[in-house]
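For reference, chains read A, B, C and D in written order, and residue numbers begin at 1 within each chain.
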Amino acid sequence: MSTPETQTHDIARLIISCPDQPGIVAAVSEVIAEIGGNIISLDQYSTGVEGGRFFQRTVFHLPGLAAARPAVEQAVQTRLADRFSMDFSLTAADQPKRVAIFASKTDHCLLDLLWRHRRGEIPMDIAMVISNHADLAEDVRPFGIPYFHVPIVNGDKAAAEAKHLELLTGNVDMIVLARYMQIISEHFLEQVGAPVINIHHSFLPAFIGAGPYQKAKDRGVKLIGATAHYVTRDLDEGPIIEQDVIRVSHSDDVAQLTRFGADVERAVLSRAVKWHCEDRVIRSGSTTIVF
Amino acid sequence: MSTPETQTHDIARLIISCPDQPGIVAAVSEVIAEIGGNIISLDQYSTGVEGGRFFQRTVFHLPGLAAARPAVEQAVQTRLADRFSMDFSLTAADQPKRVAIFASKTDHCLLDLLWRHRRGEIPMDIAMVISNHADLAEDVRPFGIPYFHVPIVNGDKAAAEAKHLELLTGNVDMIVLARYMQIISEHFLEQVGAPVINIHHSFLPAFIGAGPYQKAKDRGVKLIGATAHYVTRDLDEGPIIEQDVIRVSHSDDVAQLTRFGADVERAVLSRAVKWHCEDRVIRSGSTTIVF
Amino acid sequence: MSTPETQTHDIARLIISCPDQPGIVAAVSEVIAEIGGNIISLDQYSTGVEGGRFFQRTVFHLPGLAAARPAVEQAVQTRLADRFSMDFSLTAADQPKRVAIFASKTDHCLLDLLWRHRRGEIPMDIAMVISNHADLAEDVRPFGIPYFHVPIVNGDKAAAEAKHLELLTGNVDMIVLARYMQIISEHFLEQVGAPVINIHHSFLPAFIGAGPYQKAKDRGVKLIGATAHYVTRDLDEGPIIEQDVIRVSHSDDVAQLTRFGADVERAVLSRAVKWHCEDRVIRSGSTTIVF
Amino acid sequence: MSTPETQTHDIARLIISCPDQPGIVAAVSEVIAEIGGNIISLDQYSTGVEGGRFFQRTVFHLPGLAAARPAVEQAVQTRLADRFSMDFSLTAADQPKRVAIFASKTDHCLLDLLWRHRRGEIPMDIAMVISNHADLAEDVRPFGIPYFHVPIVNGDKAAAEAKHLELLTGNVDMIVLARYMQIISEHFLEQVGAPVINIHHSFLPAFIGAGPYQKAKDRGVKLIGATAHYVTRDLDEGPIIEQDVIRVSHSDDVAQLTRFGADVERAVLSRAVKWHCEDRVIRSGSTTIVF
């Protein structure tokens, strides 16, 4: 999960999933070797030998990848996917994901992503920041990223989402909700055609919904958590990518819990986005595999 | 919370709670000084200056404590409790709590407590181990603690609890449920007259009830937790004393989650019991103050 | 250590240290009560009952503190300090520490401090940022803090330090070295008259000096750490305020260790600065007490 | 690192290391497929593509492994080892490592290993416990493991080590020093022919040698650590397998630091022994790869 893969030129990532059966690793390795690729890293996981599902992430070096890519996809399709009833995706490591970040008024998750992006820690291109408020525009400007203020006028969320889709369609590969305080409609999820990652400001499945730090205080918990997950139509129920906690005590009031929470939230969201951008996260029903 | 208080002779602990108002710390310090005591440590907490409740734990050295104790209690009652509408308790550090441990078939929490007790890490006397199964008797024997096997015959839990009360009444100051897999009745809680601490094998308030590790696996969580709490009539809702988590991944099956969980459970329960035995934990509605 | 003390008006902090003996807590409480103060929080620690040294931090509310302060100091001096051979300091919570931050070319510690300051998380006024490089000027500008570029010309460090002293004298209460890559001279430390906090990019006392992440990689460690400490004439030997670590593996190269290290460094330094600004840290020989 | 591999029958583990070059993963997969094996898990690591060294751990299922093993070793030797200048080892998962545990007077590491072994958490056979003291014999007896008391008579360590070698030779695959307070001689290490794992009661490379908790207290550190490492002739310099820390404060005295340290020590040593027994740890110069 932590393998550095800093070199990106001519590096391909092949993500596969299929019913488990003997010989998959060997077959994949063989195909990669035959097309002239050299495996750099390989992770696999099976939900069970009998009747389970198999997942593999293979990173390999292939000179001239850009030109060879159609041939590679063809080889994977015919020699692997057809044979093993396999889903697959092939990405080039030097083609970063194009990302849109949604925010509202709080800055901690947004700024952490912008700052890590500037440092080169996350392999993504941030195409735009979208917010229902103007507040954070000044903070974003020094990073040179477009900031689109899309207010929700007269409570017309559908109009705002239509505007979002105009901005996003064809321009992004993923969407990050960096403490965006609006519920995403099912219609939007269907239309946008890109995965949406959210940071939930609590340790799911506990303290779902609004006011999690007040709820945590009322319950007297000793740890405050945050959860990054893919957004699905079932609010707070999407597959979990990453979670973490921080220790608190009875003497921390809700304001202090919220500050501690902000530190956990930005750390957890940044890790989740990084892993997604490195094609390390595979969705599997209500859970994820994180290689 | 971590102050070592290894010396115990002539050491008293005064735990107070009352409506917050100015002058409480000074009044308590003054009374202790006047009776000849020397304050060793002092922790206090208020839920709010206006209309809040004040809690304080004061540890002090008083030569001849055993003889002076009635006079001390009298002084606290008349000079502090009456004046500040104060609840208080006074304990002598060299009088360890008398504890009964309930267990069923799993050994990890029970053995960790027995072992820490033998090392002198927890200031308690373990009066007895009670189990609805005979399985752990051999493990307990080398520690020289009585093991009472109280099976539940024909599902008659009331009979078993009556037997428990016979064993416990007058003999213990607290009860620890060390993975005791039976629900405690409200009647028992009322009759037993001693606080009951339970270890819940999940990160409350998530994954309540049975099978928490399976639930955690199904939900794809990345951290496994455990929670020690006081038992109240509302199952899984008692005031939380301590919690902790351990990092897991998609590749850990339920058996492995359960093993990791066991490590967290025994650590969390041991800390909670230790703190309770040191009079560090004060219940306050649905939460706790842990000094 | 985590008590929120968000209200600051009319709040005083009294920090004392003296040879341990009975009656100190009571005497302090009595004086505070007599001058009309109400104790909000109180922490104390003794290095040993016999021949030890006693430390106490008392936070109290006193209406009209600004006007009453000379009288309070007088009372503490005559009623406490003289009697107990006590060192003491009295601060007003609404008078934030004036801070200068030194940086070089790396931004992570500096930006985390600026950002937390803007959010109101650390009770300080940042008077200036001083750097031997111009690189970070643009990053600092949006925060509205003066940035002084003091290059070291022809290796003349003494000249640079003289310039530093001009800028600092009378203007700051503390100095934070936020990855400032120059050694501070003993002369500077003597002249500046304010405590200097440094973030050391390793888990002291291991991996002292330059290149700690390469050293950690060579040694195969499984955790990367950072240490915030007061600067003394003995490099890397100053009293430790805070430390933390992050888990790494064999697969992390030095660049990745450095990135992980940056996350730990900024978290550790920010906590240390916050605690210092709240008068929670007391130096005691080569160590610290952190209330 | 955490993949559960609970099924052990007909499961082989192939550990290889060789100069890195293209095609190794494919070649290994191909050989395993040809002999009828099905890869269950595969981890690899390279110290660098150019001139680096490659390491791989492959777990595979092979029906009839016990009978087929010579043929498998032959295939690996001729088809892989000769071609890639490869070192390799092949182990059967149902043949647990035979382990000797050395202890002195403190019980925490020893008991944690015995208890985890009894629970089936660590795939090892504990052949014997050897101690220079008789103190722990009673604690070991209930676990049904032979306890050999080998005192050091008149300071004659060589005689004791000769006795150790008599007991160990041919009987064990690894040796665990569970807080064994004697220095192991270079001669012993050469003669015993099995890896030796030690738990060092500090966070190496800090606080080497005796009295680490006193040293930590003197230095005012905020975290206490422990390190499990292979024993080499250079004391405290062997390759690190695992490390961990626990948070402490100024108020913890040396006795309390030692108790916290004991908790970290047993956790760290148990993980290191488990990983070694699962063939997850590969030594590489002064460091380790832990798959």
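In this section, a contact is a pair of C-beta atoms (placed from the backbone, for glycine too) under 8 Å apart; a residue touches a chain by one contact, two chains touch by 3 or more.
Keep in mind it's a predicted model, so treat the numbers as computed, not measured.
Student: Does the subunit A and subunit B pair touch with the same residues on each side or with different residues, judged by whether over half of the numbers are shared?
Tutor: same
Student: Could you find the chain whose CA centre sits the greatest distance from that of subunit B?
Tutor: Most remote chain from subunit B, centroid-wise, comes out as A.
Student: What whole-Å value do you get for the distance between subunit A and subunit D if each is reduced to the mean of its CA atoms?
Tutor: A distance of 37 Å separates the two centres.
Student: How many angstrom lie between the centres of subunit A and subunit B, each centre taken as the mean Cα position?
Tutor: That gives a centre separation of 42 Å.
Student: Using the touch rule from the top of the page, what residues of subunit A touch 2 or more other chains?
Tutor: 3, 45, 249, 251
Student: Along subunit C, where are the residues that touch subunit D in the complex?
Tutor: Against subunit D, the touching part of subunit C is residues 1, 45, 203-207, 217-223, 225, 239-245, 249-251, 286-290.
Student: Which subunit A residues qualify as touching subunit D in the complex?
Tutor: The touching residues are 3, 22-26, 29-30, 32-33, 38-46, 49, 61.
Student: Touching subunit C in the complex: which residues of subunit A?
Tutor: By the definition above, subunit A touches subunit C via 2-4, 6, 108, 111, 115, 119, 121, 138-139, 142, 248-249, 251-253, 255-256, 259, 263, 267.
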